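The two complexes that follow have chain A in common; it is paired with chain B in the first and with chain C in the second.
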Partner chain A sequence: MTGPHVWRNVARLTLLVIVASFVLAPLWATVMGGFKTNAEIRTAAFAVPEAFNIEFYGAILSDPAFWRYLGNSMLISSAAVILTLIVGSAAAYVFAQIKFFGSNFLFSYLLLGLMFPFATAILPLFIKIRDIGLLDTYWAVILPQTAFGLSLAILLFRTFFAQLPKELFEAAYIDGCGYVRFFIMFTLPLSTPILATVGVFVFVQSWNNFLLPLVVLNSREVFTWPLGMMQYRGEYVTQWNQTLAFVTLSLVPAVVFFLAAQKYIVAGLTGGAVKG
Partner chain B sequence: MAEVRLENVTKSFGKLTVIPDISLTVPDKSFTVLVGPSGCGKSTLLRLIAGLERPTSGTIRIGGDDVTDDEPSKRGISMVFQSYALYPHMSVARNIDFGLRISNMPTEEREKRLAEAARILALEDYLDRKPSELSGGQRQRVAIGRSIVRNPKVFLFDEPLSNLDAALRTQMRVELAELHHSIDSTMIYVTHDQVEAMTLADQIVVMNKGRIEQIGSPMDLYDTPASVFVAGFIGSPKMNLLPGKALGRPDIATVGIRPEDLEVTENDGWDTKARVVETLGSDTIAYVRVEDVGEMTVRLPGHIRLKDGDRLKLRADPERQHHFDEDGRRIERTDV
Partner chain C sequence: MSDTTLPPDRRQAFSDRVRRAATNGRLTAGLILLPPALILFTLFVILPLGESGLYAFYDWNGYGAPQDFVGLRNFEQMFGHSVFSIAVWNTVKIILISLLIQMPLALLLALLIYRKTPTNAVFRLIFFVPYIMAEVAAGLIWSFVFDGNYGVTASIATTLGIERFFVLADRELAFYAVMVVIVWKYFGFHMMIYIAALQGVPDDQIEAAQIEGASRPQIVRHVQVPHIKPAIAVSAFFAIIGALQVFDVIIPLTNGGPSNQTHTIVTYLYEFGLTRLRIGYGSAVGVVLFIVAVLVAVFYQRIFMKKGTA
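Our next item is the complex of A and B:
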């Protein structure tokens, strides 16, 4: 290795470490904060704890409310993912496969959703949900989250579906396979990479959503974890160590879900369909 | 009976007319090859027969039945695609019997047909593999297997060999010819390769710009091309097409002389100079320039060894010349 190469690698490494630290430092502080006393957090937020107090983690884990919040979040996020995948892929399949009058217009209309900020919609959304009578139910969170996730999902699905070789459908069509059966037997199994990608995206977004549950959920029975976390914020004092321990434990399912889906987020499943 | 008959079929995509008006009969049990340059409408014609496209007007009959508005799966046809179009997530066996499963065929019958197809195509050892684990030739055989099991009245092939390398292509060509002998169905085959057309076909349909230029047996087309286009398309190397004026026949627009109908002479004939010589072993092909006439290709026996720049005298057998009028149509010769 010559001089310039060494310096280029050092520079690259430095840059990567700086970028990574922006992500990792808050995570580190969060995980470690759960072991510290409140006083210690205030004086040395990023330091290694003087003593690892596991009582805060223990308190959270033994609190049935925590498990209920987690369960609610899990239910809501899973339902949002499943609904988004079903509705989004079916809609995208139509856009990718069938040319019909107004399809471009309709597609552009759906894409407009990408530009629509969630916060702007929150008031009309609340009124609608109240009128329909869904306030304080899981559906109040699931349905809007699905609706807002659809734009991106349809965009990504359509692009992916359109790349599947056209002959594949024609061959199946000659074999007697119609549009619906092709969708279930070919499009979906061949699209696991994009299904996993969109699934992770929707899940994480739903899991971390704070504003919507805050507005539409009132009773503790149906609280999601970001709302549950608020119970440690008192009027005068905030239990930072408990909050951080709570956040750390709540992050786990999202990370696990990501790791599980990660292995499907690899393209190349279509290998061998056409000459390759 | 599985005669395929197209009656006044036209096809337009928006304002673009791909097939102006075609009537064509493909006899039962024949191997008919549709051949022509890219964009001549031959693939569109095949897709019309398959039912993947609907004709703008006209009627398509298979075995006497009007199938113009039928679904592909109801027409008794099967199709092999240029890109194979195998189902990547299914095993070879599932790929082959997929159509049979869709149509809810009894398991016993289905397995019998699968085994039979695998035997014919020598795929028995690969039935559990995925398409991505197969070589190009094996993939093509799976695609053919998918066609065979459906027991179709008509096989359609859309340039099935063009993705294979030259050696494999020759081998698959022989296998296809054998297949046709053994299963005795009507086969319609699209290609732009005139060698495939000449070797496989009972009947060749030469197409150009959406129209049929000529229909006939391979040797009909070779011996009596109906137009300048067919003359130039059938035969390799290409027929020499020269202006009649340059050959002292001002009454004829174009004179066609096949490279193999030129012979080397001692004294009379054209004085030529070889620009490029290709020595193939069995043949020697020389691209020569003839003063006042133009460029010519000549095919000589392999024992005649030439170098670039050599001079040689050439004579064309007058019996084997082809004459064409201004519109490029053949003039039947009365002078010999």
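Our next item is the complex of A and C:
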């Protein structure tokens, strides 16, 4: 009996290792490429570097532009998260707690954002942001990202809020606690798991977003890191080691963040996927 | 469910309700908590969407008010443009590759590693890494891989002693390269959905099948796959919606080239609408994209709901 069992396991592991190599090989070449001379990249892309040149990584780390791009992204993503959590949870609380004429209609209205891709309205959005005078500011990215994130946020928040025990509100209400105070004092503190899930989800989306910043940001002072990375690539077309060092370093925060928030990311992505 | 008409005898009740709502804080709560979401959403999602539908009928460069009404000319031009056909066909190719290669691969891997063991956790993490990366970064890394002059491909050609080849500059091959990158980037996401679903399949059903002498493939086919059908439907939906939105990956890889062979709908919209400041034309592309997305959503819900009740 052990014969076929062992072979099956070997076959299974072989397949897993092949796929893992397919996944990791480009990443390995990227991280190592940052240590190599360009000549070495051209001849031995997958090899361990003959000598670890840290000058390319050093050049990126000492480049103020690199830190500015990361800082801009951090600021924009954090603001989008905070705004989405506040605005989204407030609206979801009303839908979960207060039944009023037209509430179902407004709820469905706010969920329309789940129906279509962000890109469909990107041109009028560009015109609108230009006319309001927000072009080339952080708000040009923050506000539309928040608006587009609201649908999923409100859907998830309302589901969660509706599951909180009703008795709690009735007791607080008898004690003279109003709706708004109850929301701030009880609903939000009891909802940290869903706040974290939505927050992480919005953060990742915002951090990786490329199309919107590309359209509404022009000057390098406000560039997010994906724009900065493309800018860098354009400047060092043939010098891959510089660009690869940049790519590697800009991926470090994402990987660290993922490992720290893995639970919420997987829950948010697969849970959000299932509900979306 | 809520009352849409108000007969006279209920009007009194209604105004009573309003007064009560106002005094116990319900109305204030509604008036404070709801408007921010409504305003933001209307201003940055719904209005631009509606304006797409309006601008699509104008020839407009974005300055001043749109005045040059052209009727359906933008749409006629779009459907007659060979590059638009390429973009649509490329989107269809991405959908096909997702459904026929990416999802089966993801399902196979999920079946291999869904059980909670340390080794499986490592593989799961590795397979999920591309998904957590920014699309632009993924595109840039692969443009390095496919670079026949200075990148990985150059190194491979040197090592094998063959002539250099330029995948991304080849009209035939370039889009296959793009599809490789898309599979690389997203199979982990689909795998995660399947793993979550497979962990929800009751063990006793699998054990029962084993006791009855079912082979491993039989268990997969008759117990596990039927159980995770909803997850498969969800992942198919995301594959299709995702294919409609592909943009970030293309820009660093090929930027739509060579000779416009690798455009997708969104890169087409960007290239022929925004960079040429043809707001009306780009909006028309946006309208088509919107209609397709809504059709997919409605179609999906129809099928999915039917399966759910049957």
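As a working rule, the second predicted complex is superposed on the first by the 190 of 276 C-alpha atoms of A that agree within 3 Å, B and C clash if a C-alpha of one lies under 4 Å from a C-alpha of the other, contacts with A are read in each partner's own complex, and residues count from 1 in each chain.
Convention: a residue touches a chain if its C-beta (ideal position, glycine included) is under 8 Å from a C-beta of that chain, and two chains touch if they have at least 3 such contacts.
Keep in mind the model is a prediction, meaning the values are calculated, not measured.
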Using the touch definition from the top, say if A:L16 reaches chain B (first), chain C (second), both or neither. second
I'd like to know which partner A:P189 touches here: chain B for first, chain C for second, both or neither. first
Once chain A of both complexes is superposed, is A:L168 in touch with chain B (first), chain C (second), both, or neither? first
Is A:L125 touching the first partner chain B, the second partner chain C, both, or neither of them? second
Scan A:L75 for contacts with chain B and chain C and give back first, second, both or neither. neither
Can you tell me whether chain B or chain C touches more residues on chain A? C
Chain A residues where the chain B and chain C footprints coincide 269-270, 273-274
Chain C residues touching chain A - in the complex, by the definition given at the top: 1-3, 21, 24-26, 28-30, 32-34, 36-38, 40-41, 43-49, 51-52, 55, 62, 105, 108-109, 112-113, 123, 126-137, 140-142, 144-145, 147, 149-152, 154-156, 158-159, 184, 188-189, 192-193, 196, 230-231, 234-235, 238, 241, 244-245, 247-248, 251-252, 266, 269-270, 273-274, 279, 282-283, 286-287, 289-290, 293-294, 297
In their complex, what parts of chain B are in touch with chain A? 50-52, 71-73, 77-79, 81-89, 98-99, 102-103, 130-134, 136, 139, 146, 150, 163
Show me the residue ranges of chain A that touch chain C in the complex, using the header's touch definition. 12, 15-16, 19-20, 22-24, 26-27, 29-30, 33, 38, 41-46, 86-88, 90-91, 93-94, 97-104, 106, 109-110, 112-113, 115-128, 130, 143-144, 146-148, 150-151, 154, 178-180, 183, 204, 207-208, 210-211, 215, 226, 229-230, 233, 238, 240, 243-244, 247, 250-251, 254-255, 258, 265-266, 269-270, 273-274
Per the touch rule, the chain A residues reaching chain B in their complex are 165, 167-168, 170-177, 181, 186, 189-190, 269-276
